[in-house]
Structures are given as C-alpha cells and as structure tokens.
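In this document, chain identifiers A, B, C and D correspond to the written order of the chains, with residue numbering beginning at 1 in each.
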Amino acid sequence: MSGENIKEFCGVFGIYNHPQAAYVTQLGLFALQHRGEEAAGICTSDGNDLYIYKSMGLVGDALPTERLANLKGHIAIGHTRYSTTGSSKLINAQPYRVDYSRGQVAVAHNGNLVNAQLLRSELEAYGSIFGSTMDSEIFVHLIAKPSYRNCEEAVVESVKRVEGAYSLVILNETQLIGVRDPYGFRPLCFGKLGESYVLASESCAFDLIEAEYIRDVEPGEVIVIDEKGVRSHFPFGESKRRKAQCIFEHVYFSRPDSLVFGDTVGLVREKMGMNLAKEHPANADLVIPVPDSGNFAAMGFSKASGISLGHGFTRNHYIGRTFINPVQEARSFKVKIKINPIRKVVEGKRIVVVDDSIVRGNTAKSRVSLLRRAGAREVHMRISCPPHISPCYYGIDFPSKEELLACNKSMEEIKKFLDVDSLGYLSLEGMLAATSKGPHEFCTACFTGNYPTEIPDGGDKFKLEKKRKR
Amino acid sequence: MSGENIKEFCGVFGIYNHPQAAYVTQLGLFALQHRGEEAAGICTSDGNDLYIYKSMGLVGDALPTERLANLKGHIAIGHTRYSTTGSSKLINAQPYRVDYSRGQVAVAHNGNLVNAQLLRSELEAYGSIFGSTMDSEIFVHLIAKPSYRNCEEAVVESVKRVEGAYSLVILNETQLIGVRDPYGFRPLCFGKLGESYVLASESCAFDLIEAEYIRDVEPGEVIVIDEKGVRSHFPFGESKRRKAQCIFEHVYFSRPDSLVFGDTVGLVREKMGMNLAKEHPANADLVIPVPDSGNFAAMGFSKASGISLGHGFTRNHYIGRTFINPVQEARSFKVKIKINPIRKVVEGKRIVVVDDSIVRGNTAKSRVSLLRRAGAREVHMRISCPPHISPCYYGIDFPSKEELLACNKSMEEIKKFLDVDSLGYLSLEGMLAATSKGPHEFCTACFTGNYPTEIPDGGDKFKLEKKRKR
Amino acid sequence: MSGENIKEFCGVFGIYNHPQAAYVTQLGLFALQHRGEEAAGICTSDGNDLYIYKSMGLVGDALPTERLANLKGHIAIGHTRYSTTGSSKLINAQPYRVDYSRGQVAVAHNGNLVNAQLLRSELEAYGSIFGSTMDSEIFVHLIAKPSYRNCEEAVVESVKRVEGAYSLVILNETQLIGVRDPYGFRPLCFGKLGESYVLASESCAFDLIEAEYIRDVEPGEVIVIDEKGVRSHFPFGESKRRKAQCIFEHVYFSRPDSLVFGDTVGLVREKMGMNLAKEHPANADLVIPVPDSGNFAAMGFSKASGISLGHGFTRNHYIGRTFINPVQEARSFKVKIKINPIRKVVEGKRIVVVDDSIVRGNTAKSRVSLLRRAGAREVHMRISCPPHISPCYYGIDFPSKEELLACNKSMEEIKKFLDVDSLGYLSLEGMLAATSKGPHEFCTACFTGNYPTEIPDGGDKFKLEKKRKR
Amino acid sequence: MSGENIKEFCGVFGIYNHPQAAYVTQLGLFALQHRGEEAAGICTSDGNDLYIYKSMGLVGDALPTERLANLKGHIAIGHTRYSTTGSSKLINAQPYRVDYSRGQVAVAHNGNLVNAQLLRSELEAYGSIFGSTMDSEIFVHLIAKPSYRNCEEAVVESVKRVEGAYSLVILNETQLIGVRDPYGFRPLCFGKLGESYVLASESCAFDLIEAEYIRDVEPGEVIVIDEKGVRSHFPFGESKRRKAQCIFEHVYFSRPDSLVFGDTVGLVREKMGMNLAKEHPANADLVIPVPDSGNFAAMGFSKASGISLGHGFTRNHYIGRTFINPVQEARSFKVKIKINPIRKVVEGKRIVVVDDSIVRGNTAKSRVSLLRRAGAREVHMRISCPPHISPCYYGIDFPSKEELLACNKSMEEIKKFLDVDSLGYLSLEGMLAATSKGPHEFCTACFTGNYPTEIPDGGDKFKLEKKRKR
C-alpha cells in the first residue's frame, strides 16, 4: 500500500529529566517520522516556563538543530503530525500550549475522539473559544477547568469525558504525563535512558536514543513523572477498560523494528504472509513484495509456500518536492516514479505480488499493469489483511466508503478491475493469529464494521467533521 | 527620532462588500506599513466561513499576492503589527480568529488595555485558556460569552469591560464591525469605495485604494456594517466619553499625508516647527531636518525663523536584513548606515538641527557628533515636542523611565550629554496649539504623567507585563 | 525620475591591507547600493588564493554577514550590479573570477564598452569561449594573454584594446588594481583607512567606513596597490586622455552626499535648481519636489525664485516584493504606491513641481494627475536637465529612441501629454554651469547626440546587443 | 556500503525532437538521481538559442517544474552531479554552456580525465581562462578551437586529445551528440521515445519516461543526432578501443533495474551473492542484507547456501537536512539513524550479513556492533566484491590509500577490526563471472592496481588535483 493515500496519523514523544531534552526529542521524533510527515513540534519546560517551536515539514526541516537552543529545560514533549482531523495548517501543528489559571500546559495527541463535536459544542456553550480545528484542543479546555486542584487531577478527571482513541503526552512546568485511552487503540511505550524517563509511540524511538524499553503504558493508564518519581492512575473502572488495540498498526503503520502491543511488528507481518500462503496458495514461479510495504509478508509467503522470493521492483527512495510535470499524462506515472519493475526478473514468470493492503485500488492496478508490460506471464495478488469495508473513527484517515474498493465490488469484480489472474486477501482469523495475543485484544472495525465504542450520529463520520472542515 | 527604538504599534484595515476584498486589504496594509513592520495578516469572510493567512515580515513578504487567492469572500480585515504587548512571534500575529458557540469571529486590534491582566485572570478563573500573549485575545473571550444574542450585541457589551486604548476591526461571517475606545486614543477612519465601505487606522490607506474619506469613527462608537447598511452604537454614557487622542500620533507615528483626528499630520508638524522657532529661536546659518522624521518641523522652523533650509543629511533608504558586521565597532555605526552628513553643506556653519523627539538620546548624540566631524561650527538642537518623562499605557512602547533621557537629567545635563550649543524642546502649549482642536482633546500623558484613565498597580507598567513576558 | 525605468548601472569597491577586508567591502557596497540592486559579490585574496561569493538581490540579502567568514584574506573587491549589458542572471554577477596561466584574477566593472562585440568576435576567432554575456569578461580574456610578464603589465596593455566607459577594480593574489578609462566616464575615488587603501565608485562609501577621501583616480590612470606601495601607470598618450565625465551622475545617479568629479552632488543639484528658476520662472504659490529625486533642485528653485518650498508628496519608502495585485488596474498605481500627494498642502495652489529628469514621461504624467485630483489649481513642471534625445553607450540603460518622450514630441506636445500648465527643462548651459568644472570636461551625449568616442555600427546600440541578448 | 562515503559521480541525459524536452529531461534526471545528489541542471535549444538553468540540491528542489517553462526548445541535455573533481559549488554545476566563434555549445560529463592538468596547462599557455575547476570545461575549450569546420568535427577531433573516462552529452543549436570514451568506462545508453531519440547514463531513465532501449553507445563512439537523422563516428583506431568498463557500476553504483553493459544490474548482484556463498560458505542460521545495498547479493547468498533470508535491519528512508545534534556523541549514531536491527530477528542467531563492499570499514564495524548488542550470537560478514586497494582515476572518489581498510590491514586484522566471527570477500574471478561478458571487458583497477590507461605523475592522484582544489 506504500504510495496509497492512507494518511498516517501522529507520533508522540516525551522525556523527563534530561539536560538536553529538546535535542533528544528531535531524535525521537525522527525515528517516528513515518507516523506524520506534515508538521513537527517540540515543547520544553525548565521548571518555571514552557518553550515551544513548531513548523511545517519533515522533522529535519521543521525542527533544525539550530532552533532547539531556545527550547530550554529538562522536560520535553514532541509531536509529528499527519492531520486526521483539522486541516493541515501550522495552526493545527502540535504540541498545543496554553496559559490558564494554574499556569501553563502543553498537549501532544495521537488518535481521534468520537465525541469531539459534542464536547466542543458543550464547551462553546459555556463561552470557550477554539483557535484550532484539532481534537487535541479539547483536552486543554477540559484540563483548564478551574475546579481541579492541580494539573494531575485535571488530567485524570478530564479523560473521563472524552470518548475515542488517544495516546497523549502532556507537559506542565514540572511534570511529564502520559495517557492511553481505556481501549488502547494507539500504542504508547515507557522507557528509561540513564536517569531520564521516556515515552514514545513506538519503541523504535527508544532504539535510536539507546533508551531501554520497560513496558507499554497500559490502556486506561495515566502515568505521571515528576521529581517524586513515577506513579500511575487508572481513572476508568475495569468495565470500561477492554483492549481494542488497532490491528492496522501491525499491518501497515508501525515500523517493522518496533515492539508494538507486545509483538515485533516485522515478525507479525512475516507470520501474516505465512498464513496468507496457507489460505491462498498460488501456482507460481516467484514471490515479489511491493517494496517496502510488502517486504515482510512476501518473505513469509515465500517461506510457507516454498516459492522463491525475488526483487521484482526497484524503489526510488528520493523524496522531495512533489513533481507536477506536464509530461506525466499517464495515470500510472505516480506509481512509476516510485517503483520500477525489473524486466529480467519478471519476464515470462508467473508472479505472486504481495502487499499489505488495498484501499482505493488504483495504485495496485497500476503496478499490475507495470508487471504485465515488463513481461510477467501471470500476476497473482496476495494481500496480508482482509478487505477494508468500514471507516475508522480512531485516527486513521481512510477514504470514504464510496472510494473503498472492497465496499463497492465483489471479489470477482475486484479481480477484474486489478487485472490479476488470482486474488487473495488474508482472513480476519489469519490476520489476528499472526500476533501472540488473543484476537479479542484488537480493534478490527475497519474490516468488520464492529466498533468497540458507540459512534455518534449513526456513524456518519463525514457529517461529524463537516462543520469543522475549512 | 527616526532610528530610535520607539516601537510603533499596529495598523488595522477593514472592507465590506468588495469582490476582491483580500487584495484591497493587502494594499491598505501596505499604506499602513509604517505602523507595524513585524507581521501582517488578513482574514476574510465569504458569508459562511472565515479564511485567514498571517505571517512574519513586511506586508510584501508576509502577504504575497499568490497567497491571497485562498482568502475568499467579500468582507476582510487586516493587521500590521509591531508588538506592544505579546512577544514577536507568529502566534501573536493578528487578526486573531476563533470558533465559538455562535460561529466564527476575528479581531484586529491597535492599542493597549490597562486592565488586561485583571480581565485575563478573571477569565482564567472561569476556565478560559489563552493561546497567545496578546491583549487582543481578551476581546475574543469576552465576545464569545454565551449570554449574548449575537456578535453585534456581544461586541457592544464586551467593550464596556475593557479599559484602555483600542481601535478594533472585527469580522464575523456577515459583518464588519469597527470600534474605537471612548477616549479615542488611537485613530480609526471610515470611508467609501464605490459600493464598499472601508475602515482604516489612517486615511493614507484610503488614498492608495482611491477610497473616499467620510469621517473618523468617533470615540466610544461601535460601527456595524452588514447587508442592512451602516449603523452605530454608543455603549458608553456621555460621562465616560471624553476625548484623549494621542498627540504623539501627530508628532511621530502617523504618516504626514494622513488626516488624523481631523488634521493633516504634515501640516500639524510644520506648525509645531513654527511654534518651536518662536519659543526657541537660534542664531544660526542653516536649518536642517533629521530625515525624514524632522522634515516638516524643520520647514516650519525655517519659515518662522527666516533661516534658510538645507539638506544636511542624506538618508539611505535601503531596508533589508539587518547588518551585524564585526567591523562596526563604533557606537555610531547604526546611525551612520542610515544617515550621512554632507560636508560641503554643513562645514563651517552654525546649524539648527530639527527632529520630532528624543527618547534615549543616543541616536541624537551620534548625529550631533557626525555633524561636528563634518565641520559644523555650532549645533543647535530643536525638538518639536516636550521632553518625555512618563511611560505610555495606551499602546506606545517607550523605554522605561530609567532609559528616558529627560527623566534623569536636567536640561543643562542633556545639553552637555548631546554636546550641543543650545537645545530647545517645544512646550506643551506650543505643541497642542499646532492642531485645530482644543488642547483638552488630547492625551499628553507621556509628557505630563497625567493619565486620562486609572492605572492599576500604581502605574508600574512593567510589573503588569512581567507575568506574560516569555 | 525616481520610479522611472532608468536602470542604474554598477558600483565597485576595493580595499587593500585590511584584516577584515570582506566585511569592510560589504559595508562599502551597502553605501553603493543605489548603483545596482540586482546582484552583489565579493572576491578576496589571502596572498595565495582567491575566494568568491556572489548572489542575486540587495547587498543585505545577497551577501549576509554569515557568508563572509569564508572570504579569507586582506585584499578584497566588490560589486553591486544593475545589468547594462548581459541579462540579469547569477552567471552575470560580478566580480568575474578565473584561473589562467599566471594564476588567478578577478574583475569588477562599472561602465559599458563600445567595441565589445568586435573584441569578442576577435577573441572567439582565436578559440576563446565566453561563459557570460558581460562586457567585463572581455577584460579577463585580454589580461589572460600569455605574452605579458605579469598581471600588472597585462592590465596596462589590455586597456589599450578596449573602447568605451570603464571604471575597474581588479584583484590578483597580491595586488589591488584600479582603472579608469581615458575619458573618465564613470567615477572612481581613491582613499585611505588607517593602513589600508580603498577604491570606490563614490565617496559616500568612504564616509560609511570612515575612510579618508584622497583624490579621484584620474581618467586614463591605472593605479596599482601592493606591498611595495601605490604606483600609477598612464597607458594612454595625452591625445587620448580628454575628460568626458558623465554629467548624468550629477543629475541623477550619484548619491547627493558623494563627492563626484570634484563636486558635492547635492550642491550641484541645488545649483541646477537655481539656474532652472532663472531660465524658467513660474508664477506660482508653492515649489514641491518629487521626493527624493527632486529634493535638491526644488530647494534651489525655491531659493532662486523666492517661492516657498513645501512637502506636497509623501513617499512610501518600503521596498520589498513587488506587488502584482489584480486590483491595481489603474495605470497610475505604480506611482501611487510610492508617492501620495498631501491634499491640504496642494489644494487650490499653483504648484511648481521639480524633478531631475523625464525619460518616457508616463510617471511624470501620473504625478501631475495625482496633483490635479488632490486639488492643485495649476501645475508647472520644471526639470533640472535638458530633454533626453539620444541613447547612452557608456553604461546607462535609457529606453530606445522610440520610447524617449522628448525624441518624438515637440515641447508643446509634451506639455499637452503631461497635462501641465507650463513646462521648463534646464538648458545644456544651465546644467553644465552648475558644476565648478569647465563644460568641456563632461559627456552630454544623451542630451546632444555628440559622442566623445566613435560608435561602431552607425550608432545602432540595439543591433550591437542583439546577438548577445538571451 | 550504503552509508559509506564513496561519492557517486554523475548522471547524464539527452533528448532530441520532443516538444517538452526540458520536462522529459527533468524526469530522466530524477531516475538518475542516485548518480549525483549535489546539483542538477538542464540546457535546451530551440534551434537558435540555448537556455540553461542549474542549481544546487536534489532534482526536485534544484529543478522545480515552474522553472522549466523558460527552457524553450525541442532538444535538451541534463546532468545530476556529485563532484569528483571540482569542489561542490554552483559554479561547477553542469551542463557547462558557453558562447564561442561558431555559436553556442553545452556539455554534460560523467567521468574523470587523467590528463586534465596537462591539457589545462597547455590551454592556459595559449591564453585560455577557466571559470570552473571541472574537467568538463576542458572539453569546451577543445571544441571551441577555431580550426574546425563545425561542432560535429570539433567533437570528433577533440576527444582524441583527452585521456580517461568520459560519457558525454553535448548540445548545440541544432544537434544532440553523445560520446563514450574508447574504454567505455562509464555507461551510456541510446533509446527512442516516439519520434524522439534519447541518451541516458542508465536504462532506468528510459523506463520512467517509457522510452525504448535500443543499444549502448559503444566505447569510442560519437553519436550525432540532428534533422538528418542519427549517424556515428569512431574517432579512435581499433588499437585504442578496448573495453574497460567499470565493474563497480555493477557492484555498487548503477540502479538494480538498469541494463548496464548488457546485463541487468540486480541480477548480476544476485549472481555475485551466489558465487560468494560458494567461495565463502558460513555455518549460520540467517542471511541478512545491509539494506538496500546488500539486498540482491544477500538473496543470491541465501539461494546458493540454503540458509534462510531475513530482514534483520530496518532502514529509515527519510532524507533531508543532515542532523548535527549535540546528543549524538556516540560514533555509531550516523549508522543508527539510518538502520536499526530488529532484536527479535537476530537475537541468539548466527548471522551472515551481506553487503556490496567495504571502503574505510567504520560503517561496517558499527553495524556489527549493532547486531551484537541486539543479541546476535555470531556475525559472519560477506562482501560481494574483492578488497579495495587502489585509487580510481576514472570517476569514483574513493578515499586515499591511507584510509582504505584493505590497504593497510591483513585479512586477520580486518576481521579483528570489524569484530566478526568470519569474513569473506568475493574473489576477482567470482565477481567477473557474475556478468554475461568476458572478464577482459572490465576495468578492475581499484581491486588490482592494473590501470587500463597510463597514469601521469606516477599515479599520485592527489598531487594532480592539489593545484585545482579550492
């Protein structure tokens, strides 16, 4: 699916008690770059004041090292963003920092609230004003309520009001606070680096800074780090805490070297590929991955099927200014500029091409066409997850139902649309069996339509967002 | 005083019912560029939604024409900013736009509130959060209170809560609203351009877009422009409405071609120069202005004294990246890079040098030194306003009392410090007599210490701002 | 004429024996900014190697201080450019530095050669290649001829081959060389700063760095500065050395505070204004300058006529991104954005408006229109030089004959075109009498068509340049 | 070797007879981006004039589409650059365009001349000046010699003077010319796109624009394309034409999907990996590639050895501003920010890590250390080419002998330095046997010290370049 238009969401990072907190945060965000390429920001505290810098672009451009000197202090949080709600403007970059009655607070958020519109209307009814179109601003308004004794209490009480997916890092003058919603939709890890404590969306951020992974922040946990040490609150009763971790983190989003929800992502993907080979074997000469999204699943498919693995596509890794060039009339150009088939590898062969998912299907169709023009005799497509049929309300920006390929076509129609000789999607069971956890620990709503939370407004996601879109 | 560090404040502009509202606003802001060089912004409405763009820098850089296409709609407000309160960051650029219970609203503000800290504390006590450090954000919180029926009523009621100097342009989905505080500290003009109505800090903005000046918005007036036409509210009783217009707009800030408080600024300055010549005649060969700040007063001085006028200084008008160059050890460099005396004009002459004001005195001192090195036989300095002795709480960012030259030195000491042969400041009466209005219509607090409003906290301006400074 | 499209040409600067040569050169170029706003460059030598940096834009942008650290050494030359020949690309920025048989050399040039095409063709016939479209590259090819013993000899011999206007600063590993053509078309000054020697197009560059003006480099002089001291060569016999200094430097180009060809520019302009008043008196109430180009002449006119001087126009000094704004339909917009008449000053008055020159006339016409709309009763235009009727081959980029107002219209037609009540141009004699030098020391070709040198190709300047234009 | 400091050299592209020649060239250069990331340029001809634009940076930044509109015409050449000689400044970007006696010509060059200094000295002795420090400028001087009848003859004669490696694309007003040196060191392909002809360093550029590969330009061939059609010259006698194609193009430089010297690069690499497994088997659990440089060889090693393949490293593909961050004290940081081992994949395993080459060895050493810290039980390193022991004079910028790991250490010492359990380099024979061509068709000088041409100055490459380094 590399190349398709699923917007990745966000990565968060936090560190407590490091003399170069802003610099470590910049590195942590670099490791989380794949979770958001649109904007990045860091907010620090020196014990008295908060300092912030955020900007549009990739971490290396948005947060150049020379700008970090002003971000004083030993506590920091950071954010890389791909908008899920809120249009992509600087005003919507995070962390979101404000002044309020008890001082200053900054929040960085990964996820998406399902009752955002409701809460916002309620807050506005009491006179609140909103400077951004982000869900995340709602947390700050809730925390700022004057009735709480301090920020810690405010956080613990506030999260009870919100419904949906949220992994948060929160900074005030003296504390770093991590929060994960009671379903645990989005990952959040807790670690240690010498005398410092760290929080990050994925463990790959710990590897880069050579921090040690301790454990996941638990679903429904509020973890508070300050000079008294580390302590946890569990604002939600047992009944509300049931795991519904996003299986799509394993399928697509997280980095393969990250430990997510207790499993190494790359190995889960390899297992998915193995299960896929068992469910949908193919009579073929060569298994090739769509680089890099299908790399692990293709390896698993090859191992389980015994069909040898090949590099049938070359990927051009240069990113930069997007090309808009009048010569690119052909629809397939956007695909070709990223991957090119190797004729001598695929010519005359029966090819199994493995990828992690199909959303709209245009990219997949173009790739099949490239393989055929390069001489492939047969093209068998294998996808390491089930067909997408439902929108996600928890932070993934899938296209609308109208645009989802599997929503509107039978399996036979999809096969014809893609122009493949055979097509196989991994089953729900096969996908869930690839992790070491029980199937009930995961949210599979985008494949099944079974949402772990109530969805207001009858599930019309787009109606909810309309008012805020600008 | 050109070259000294008085921070100019802000310029505001608004237009109702123009098919190219954003473009006209850009031009209006360009004419108001002298009122704020740090940042600029425009917010428009198409009747349903508000669109905003703001950025750091001069209007031509901050608001390039190609960015205006997205600013849809026929109503617009704009702002050029020089921070008075609120540090100079993009987060403090204006207009300030928010969502709230009744929809959207944007505010652009010229002035400074004296009860900002009080209001802010009160709002925070009820749970309000502040995303900027600007006074102007307070207006938005007040307007957003849910108890009002509509934005118009909200504005009329809100301004009763604030104390201090404010000329505002306010935009909601369907209305352009102008407000001037009951003292009328800052100017605000009302005009017409074909079928459109316009508001601007100074009439020079009307000249550029070829709009017709109709009248000043009156002190204490709220002027509302919408599809029903133009109507005014006067929220304040007669007792509260007493003119205290900033005389320093005439002395220094406003453009000479503007009609401000009913008089043409350049002609007021020329009259000040004439009065100055009468009060402080000089036995000299040549009158020279400090370009361009002393141009009009010098001409008046020359006319009244009969001493011929000369161009003794050449001014280098190139602005751009500030030079920080290790060769510039000499203290006088910052002065020299802007103005250079013409030796053949001043050599051997007894010179009267006329400027509009002296604040710290370093710049004036350097200029005297330049003239002496260029061979001037005598240097007589004449200043077209009285000595500055008190801080301004209404939007002008004078230095602290410690730094104000006249606060700490006798007239004899100042003369010695500047190394001039004679020194004359225009008297309060002489200054006020230069306008066509009565002396009681002006605020002269910076010269007299008599403030038209109460000053909280015993007048310690800097204590007030400390909390907010970051 | 401020605002009209005469392209200014170039400024050159050089310094020998200064520990911060590049930094001093940056300042010198800043003082010469008015001679070229398109590009700037500096080349230095540390005794062994040459270091260069050049870039597009104003000095402050093109040569930021942080880029100067790499420009090592104690000798430097610099250049600000407005293209006369050679289109405005970085490839045509100067200094022009090359490697050749004897080492390295860099040249910066102000002026224009009349036999450039001839020399270029001849050099190409021997196999020379040209990387730029600048005249200045020809000097380097001539200097590089292997037959000379050293760079000094090469310069002395090379200049004998070129015809036209050139003031040069040349840098090799160990020497700074200044050259002025035998007619002295363009200025070049020689000065001293402590133990350093300096060269500059105008003395205002010396004022800024506090160097002492010693004398002009003489027409036909090659001045060589190295560790042995300062020495001069005069490659041309007496017969070839006859002064033909550009009178238009006094009228328009040079800064008023500069000493050019032995006179202070501002005072020459004032004298021109006085002569103008005598030749073309006016029955009027007020003399107003076009700011800033007419400032000195207007003052002279006022003094000689006894008609009082006024500031009728306000000038907006903000430069920056050029505005291209769809609202600016009106032709007069480009004029209005720079100057605005003050209604109260001009209303009902008979106005004498004084400017330095008229080229195409559109700008002048727009200004008259502005004055009339502001209520001027009569407008009498006075110009402090004669009408332009011929192209300049010596470095000034006037428009073609077809576009020159005075080339194609009788005095009566011009008056009608400009819509003025009366019109007066200063006579040739009146203009020349404003300097302290004899009239035979100046080139007046643009007013008379009498060229001091032969013009190849029958004077078709545009044919000459066609081949090179790209 | 991805991550090591071998500077890649250059890519060239040319197209004849395409209405959007500049746009197609931009795309072609994007496909050749891996051959040079420092600068890029395009020069076009419309039959009469040449138009050029070049700039620093990656193709997408250096040649944005909006700049291409000025590059008129139907013929174009382009260049992506990584400096081999000539420091990395804009002045050294290519194509190099000049005017000379017969008109205009532009050259883009991939390779390195061995007699550059000699030719340059000779040209300078005749008065030539050099504006850049590039070898490529020499071609232009030679072509510009006035004795030839036309550009075509000039190219045919000029190449006889130069010694070394060069694949050239040359553009004049009406012709596109391709040249490959008689040894064929660097690749150059010829193809067709509809009615247009194309030249490119590698065939992957043809794939992107959907052109058809026809054949390689032959060693010693000058191919001329103009309105008369396509014709070839062979300036060199049979004796001088002997193939010495760079085997390192197959090992490292070229893209795996390119057809280079008649073989598909990726498949040659896979074969190298297979031969490597036969020569240096390992008793291990898992083969892992260094991504992406070792991908194909590792696959070949896995196939030949039967040891299963795994993704042991994750690569972070985000490029951008280089990080210089004070926290990165650890030497291994530069390695870690690019690749991260997956603990669960390597833990407890005996690992064969396969890469294409080792130059200095620091990067390889760091990777071994990463694997050990991630729990690898044994690390067996396999390299798909022989040890590098000699400098390249033909366009590859290896470090000096002092820095080459294999030059200074025995195999045992290298093993110890890298801290590996075993180490195997592919033999010369094994490497050459991986192509379908005879071993005598390749240059292997960097592995053997046997240079196909004479090397002036006793082979001291660095002495040669010293004079020119700035």
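Everything that follows uses one rule, which is that contacts are C-beta pairs under 8 Å (C-beta built on N, C-alpha and C of every residue); 3 or more make two chains touch, one makes a residue touch a chain.
Values in this document were obtained by computation on a predicted structure and should not be read as measured data.
Steps from chain A to chain C, minimised over paths through touching chains, total 2. Shared contact partners of chain A and chain B are absent. Chain B and chain D have Cα centroids lying 61 Å from one another.
Per-chain CA centroids place chain C at a distance of 49 Å from chain D. Rounded to a whole number, the gap between the C-alpha centres of chain A and chain D is 37 angstrom. Under the contact definition stated at the top, not a single residue of chain C touches 2 or more other chains. For chain C in complex with chain B, the touching residues are 20, 23-24, 26-27, 30-31, 33-34, 58-61, 64-65, 204, 207-210, 255-257, 259, 264, 266-267, 292, 295-296, 299, 303, 308-311, 314-328, 330, 336-337, 340-345. Per the touch definition, chain D reaches chain C in the complex via residues 49-51, 90, 96-101, 121, 124-131, 133, 140-141, 144-146, 470.
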